[in-house]
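Some structures are shown below for you to check.
Same chain, two partners: chain A is paired with chain B first, then with chain C.
So, the complex of A and B:
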């Protein structure tokens, strides 16, 4: 009997050891992104010297980072609940187009000024909410709903200016791209304030807790009486808000409300940034700070590759490889069923 | 056959207990899941300050009863009262409000959040001003809630994923008590479902201390466990369940392990039912041998030989490691220690497909999820594991698939309109026959049958027993995980018993000397 007890103890111990090992792996993965970023920066500095490691290049990186950061922030919450939003290129482009036709522009007599900016963002917020509502109430997978809305929004954007994109003539808005404060472009400041807002939502509100919970296990929310549907709809709405801001800033920076220019090539780098930052596609893990690191990784990588004059076509391929590698590292191993 | 009659052992509740105030009572609870009658008139009375044990074999209805009390399931009929008032929770939240909390077997903490965030999950409003959470206040409250259950050493700012299971369990308990305490001024009822299965000896001690403290405050605790020694140590009174019914309750001081075993084992069916007269002695040839087989953290030191023509029963409660043992044997899971030999040849399976090549196949427990493809026809389902055998030059003809299906339909008397009928249109028993056809068509000679009669009606059961007897007569070897202990003993020619990942005993089960259920159960729990 005593021998039995000892042996059975050791099974419990083995089990505990297995859990500990998993936790250690988790911890390593938690810090992996920041290590990757540090190593990458060092490597680029070593290869490119002053071209890379300079104040002016850092400003360039901050500048390049603004819109990808905004998009990735919105996407972070969506991925944290285990869903995905593929509407990005459409919603961002649509906001830019709406901005173009609502403020003083070359195509029509509109001149709504700040109200135009707000309306453009609001349109994207509404789309986000709609995606969420359709997703949870009609029980259609989020990737499908949002993918459909990518085209719907793109269409709406093109329709709003009848094919020829409007040039923005509003004197205040045309001034913004040149404005800077404490050496950082105004556009980047806007992105940073949205970042702060997102950190606040994640860390200091009940909603932030529920986002993690939905991604981990929806049944727990049911048992305490928190509406999973509501949380999901709110997440998609918040994402719409971030995409809207990104679209408006993109339009302002370009000086034109062009759907196809502003709303192109944003989605994949954003997915890559979120995943590379350590937010698991299965949900529940990661967060806004991870995404900041992820966006830095992606931006520094492309900045470095550009300085090294690497063929742009290769860069696109590299992006794909990175996302694949990051997903491979963060995916739950040992699951018997291959996820769909 | 040593038939056990147990009715005489039931002890009626005693007198001293009746003086305490009743907290909770359930009367004549029935629960149907489709054709299964999981609870047949169950009842339970719980008084203030009591620690109640709830014991019974797997499938006796303990979990179902708990789920009904916590509001996760609705009873088909019957009534519940809490503090003397009618109580019908629609969900666990309702139950919490009425003062009932449960620590689930599956952990219900959100591992990506901190301890404090978990404790007050869903109650953040109480710590918020203008929707902004005051973390300082929340964590302070969390620390005091943890101290309340004697777990003051846990840092409420730690992430749950960094904590071990025992600590998590304490957090669950703190959470449940906190939720229930906040909800009603009255005494609460805390349900613990197998809380010690992941705990070490020392951690279990600590848990028991907490349970005593909780009870000392007048709350009641229900403790469900397969570990009878623990039940006897900690509880005041024990309810024994069997086949969906309470067979009685007795004061713990009057209970002994052997008394409980006798109460909880089910009816022993006649030898005829299991066609014991067709049981033959095993042949000499060893079909499968495992030596010191182990799966890290689940089971270890499992050794046995399986002979041609033999049915080897494996008994054990859920979590004993028997299911995983089957998975290892059929190649679904790789063992971390030990060796396997098939007809004397050493094998290391990389997948169930590899197992199939070596003529080992499992009939899985979850028929719908693992055994069949509902949207395919009978003929296609039967052919899945035998396509290699049917193929000529890499191609399989529709004709050969149909011919095979027709053959099995008539041999196993599958009730269907034809081989093209979809599996989803068949009854459970006929679906199971298709699963058997698939396994037999694969020409495997080592079959692992995991609950082969689960969820099929009595008639189909009988046919499946005939089928199994026929298989071994033809010279196949079978490992059987019975749906009930009685079935496992009745069908098998030899039985091994597992508990907590170890083999605790082995019984020969010849037709004229089947081991008693009590003897087997006493090694399982």
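So, the complex of A and C:
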């Protein structure tokens, strides 16, 4: 009897100790991305001095951050449910192309103005929803569906302007890249609003909680009667919305509605930003704030290395090494964590 | 009108020259069309429809351009070059059909397309091909050689294989001279800057032949202008967004920059956007290569200094014209000297002087003089 009691005690104690240890580890992991960002900024400031640590350079970083942030935000929710979205380059490029041909441009007589902007975003929202629906109802892995949609969207974009990309001539839209408010570029303000929306969704809505639940264990939601399918479709739709905004802003920033010009090289940096920020690819962990830090890390890294005038032949390699180092420091590892 | 008169004069001059050559030659004149021999200067070679046997004119000739697609303005001009040459063939009464072989950027598809096209035409085929990668140039030529058609390639091929290995079917290989283009835009930029000042350099994808050749041209020009200082140098990987980020970042450190050299026009677009945001558009010189419409317009309006047209119309049209001359027997491919089998095609430097012209009308080509495509 006594022996049994002691044994059960020790199991409880052991469990408590383990939880304490895990919590501690979680705390470190939660702050690791911030620490990486701070150290990186300090090092760049020390090397580059005023060239790096200046208001104008900070504005530049904020400006360059906007579009990667939007893309990464959309992707964050998808990754949090344990899925992946590979359609990014296509959807972003498509909304830029649609924007290009719908507002005043150099290719056709269209001049829809704000309606054109909305339609371009809406197209991407529709694609996101479609990816979600096909993924959950036809039970095709998300990476496969979204990969196919990357090509479909790219094709639709190319088709919209028949091989000759439009230049955006709308006087309001061409003015936007030059505009700023309180020292922050207008494009970044838009990204910030979407960020706030995402934080709100994640923290203050039931849907936000469901996202974590789906990523952790779908069966929990099943057992309480929440439709996992619906949550998933909504996540992909939300991602489509973020990609659409990114495409529109990309088109505005580059002044062109070109599928390949706007929608190139966005996907992998976005995946890296999400992961560097500490969101687990297995789902259920991380979140929007992590992604913000991750995107800052990626942008500051590019900016700092360019200012340092690192030889272009080694810059790309160095970038990769630092990303690897950052991931090593920020990603949770251990026997319990499934690495896939 | 003047052009026609001139062409007529040249044709008659050439005919006279050929008569003179026949007089001195011991061999009797060949029964078929008179093939131009290797020692003849091809500078003034002219396709003379009257020398083409009626049987050839009545045979359906299949024309093709094999390219990645028509999804960018440059590739579209290649296709248009074929259509221009097609009009020329209509004019001389040659029966023919045209086809676009779209590879979509896939090596396999490009080779398969060519094989099917060549097999179907059974020897009565001529094609312009822009091999997707160096490695497949030979496979494309081989596909054409098997069926007896004629092919001309452009841009990409390995250094150790060439038209001479597949005589007569692989007629020519051409490429615009990237070093020269890189040099010419640099000189235009430095002149714009008054021979001194700071420049940013946005290179193309590192390790890419076109990128390194264009940069070589920049370095050559830089050596001649000691007053120019490079203060920012990195690769934009041919991409607008990357170039925009680079220039934006550099501008914080060097708002007094005088010029931005970009290895292509997509990146020049990014540079212009960055300048626009900084309120420097028009005061800082920008150069690129490719003659994208927006950059040519910027050159016309004084926001950019120069760009270069690789002249897709000329590449597509004249390559087919030379292959046509080979198919009709007007030239004997085997007797062409190596410098008429592999040569550089002239690129066109576009500055404020000719930008408006370039936008208003595509250049006019005389396809009866196919070797005008050889840069001199």
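Operating definition for what follows: the second predicted complex is superposed on the first by the 287 of 340 C-alpha atoms of A that agree within 3 Å, B and C clash if a C-alpha of one lies under 4 Å from a C-alpha of the other, contacts with A are read in each partner's own complex, and residues count from 1 in each chain.
Rule of thumb we're sticking to: a contact is a pair of C-beta atoms (placed from the backbone, for glycine too) under 8 Å apart; a residue touches a chain by one contact, two chains touch by 3 or more.
Treat the numbers as computed from the prediction; the structure is a model and nothing was measured.
Once the two complexes are laid over each other on the shared chain, residue contacts for A:138 go to neither chain B nor chain C.
In the superposition on chain A, A:204 makes contact with chain B only, not with chain C. Of the two partner chains placed around the shared chain by superposition, chain B is the only one that A:14 touches, whereas chain C remains out of contact.
Contacts of A:182 after superposition: neither chain B nor chain C is touched. In the superposed model, A:64 lies in contact with chain C only, and not with chain B.
Those residues of chain C that touch chain A in the shared complex are 69-73, 76, 203, 206, 232-235, 237, 239-242, 244-246, 248-250, 252-253, 266, 269-270, 272-273, 276-277, 279, 293-294.
Chain A meets chain C in the complex at residues 51, 54, 56-57, 60, 63-64, 67, 106, 158, 163-164, 167, 177-178, 250, 253-256, 258, 260-262, 264-265, 302-303, 306-307, 309, 312-313, 315-316.
Of all the residues in chain A, the ones that touch chain B in their complex are 4, 7-19, 23, 26, 204-206, 209, 212-213, 215-217, 219-226, 284-285, 336. Listed in rising order, the residues of chain B touching chain A in the complex are 72, 91-93, 108-113, 117, 121-125, 128, 131-133, 135, 161-162, 164-165, 198-201, 296-301, 332, 499-502, 504.
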